[in-house]
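Labels run A, B, C, D, E and F following the written order; every chain starts at residue 1.
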Amino acid sequence: MPNITFDGPKIEDIGKKRELIKTVTDAAVKAYGLPQQAMVIVIKENSPENVGIGGELLIDRPKTGK
Amino acid sequence: MPNITFDGPKIEDIGKKRELIKTVTDAAVKAYGLPQQAMVIVIKENSPENVGIGGELLIDRPKTGK
Amino acid sequence: MPNITFDGPKIEDIGKKRELIKTVTDAAVKAYGLPQQAMVIVIKENSPENVGIGGELLIDRPKTGK
Amino acid sequence: MPNITFDGPKIEDIGKKRELIKTVTDAAVKAYGLPQQAMVIVIKENSPENVGIGGELLIDRPKTGK
Amino acid sequence: MPNITFDGPKIEDIGKKRELIKTVTDAAVKAYGLPQQAMVIVIKENSPENVGIGGELLIDRPKTGK
Amino acid sequence: MPNITFDGPKIEDIGKKRELIKTVTDAAVKAYGLPQQAMVIVIKENSPENVGIGGELLIDRPKTGK
């Protein structure tokens, strides 16, 4: 605690996850004034079939990845 | 944002997901007065082994799907 | 269960909450094939000081409500 | 409702899930004064590649499971 | 981590929160085989105006508290 | 989307929220390869009466803020 959750599409590259965890943990330490060890981050990866933006499933979108 | 999350059992039929996304996005536009493009919906599908209702795992229930 | 969560700005008008609950419950009944009584919806209202979009707090945005 | 979510690593043994559901449902009945049937628990299982504690992915940790 | 979230109505009595935290932490220690210190529980309290069950806001229900 | 949630104690200083939003948005842009405008962050602030760590409510802890 604090608990930080990322809810988005898949991040294929584990190196990018590592970097994300590091940067966000540091930012949270500054914001909360709590020790690094307290920061818990969970990355939730969702299939494009399970995300809708603007009334449309991601899987039905022409090309953009968003 | 707003972010809308559905946390339930699996929805097998992608057509039903499409319809759900559309109807709920429209309802959210009316409720929040924000543009359709702002609405983000995520569908989380859970295994019956990971859901407990009334103290019992869904996978242990006789027949009802709830 | 299913549990449905709306995470957005405040909805001032309780009538709009009522309508939202009704429409979304009906849509969920169709999508999941589960009884209306199973549908649980929670509306989370967030202060504009606690929401960031595109790297900016909502409270710092010029005029748009999104 | 109440909805209770466990967000952690995988629980391999389904017997442990059963026990967890039962004990936590009973505890929730006492805390809320609501009927057992109202209690919904969802167990979310996360891969060690998707959890960071103290700025480090679980998958990169030497041995401890936490 | 694990992170455990209770999303329900208000629990007025702090003694009941204390007891809930204790029992659920113990149950989680048994289920995950992780140290007690790892268990983080957050109680989210929701107004009856913001919860809908079966298509109806809690605040509109005749008498039952659920 | 992606949706990023911070669930922790109160952050008193709005300047710290601003900085957190900015840094985390940038980190997410790098991790997901999606435009800055897609990133939505919500900060949830919890009372120490509603958080339990290691089986104990924060409000009952001697002095440490964690």
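Some observations on this one:
The rule is simple: contacts are C-beta pairs under 8 Å (C-beta built on N, C-alpha and C of every residue); 3 or more make two chains touch, one makes a residue touch a chain.
Quantities reported herein were computed from a predicted structural model and do not represent experimental measurements.
Chains that touch both chain A and chain E: D, F. Counted by C-beta pairs in contact, the busier of C-D and A-B is A-B.
For the pair chain C and chain E, the fraction of shared interface numbers is less than half, so the two copies use mostly different residues to meet.
Ranking every chain by how far its Cα centroid lies from the centroid of chain A, the top place goes to E. Between chain E and chain F the centroid-to-centroid distance comes to 20 Å (mean Cα coordinates, whole Å). Residue positions 1, 3, 7, 17, 24, 26, 38, 40, 42, 51, 53 of chain C each touch two or more of the other chains. In terms of which chains touch, the assembly is arranged in some other way, matching none of the line, ring, star or all-to-all patterns.
Every pair of chains meeting the contact definition is listed here: A-B, A-D, A-E, A-F, B-C, B-D, B-F, C-D, C-E, C-F, D-E, E-F. Those residues of chain D lying in contact with chain E across their complex are 1-9, 11, 16-17, 19-20, 23-24, 26-28, 30-35, 38, 51, 53, 65-66. For chain D in complex with chain C, the touching residues are 1, 3, 40, 42.
Looking at the complex, you find that chain E touches chain C at residues 7, 46, 49-57, 59-60.
Contacts from chain E toward chain F in the complex involve residues 3, 14, 17-18, 21-22, 24-26, 36-45.
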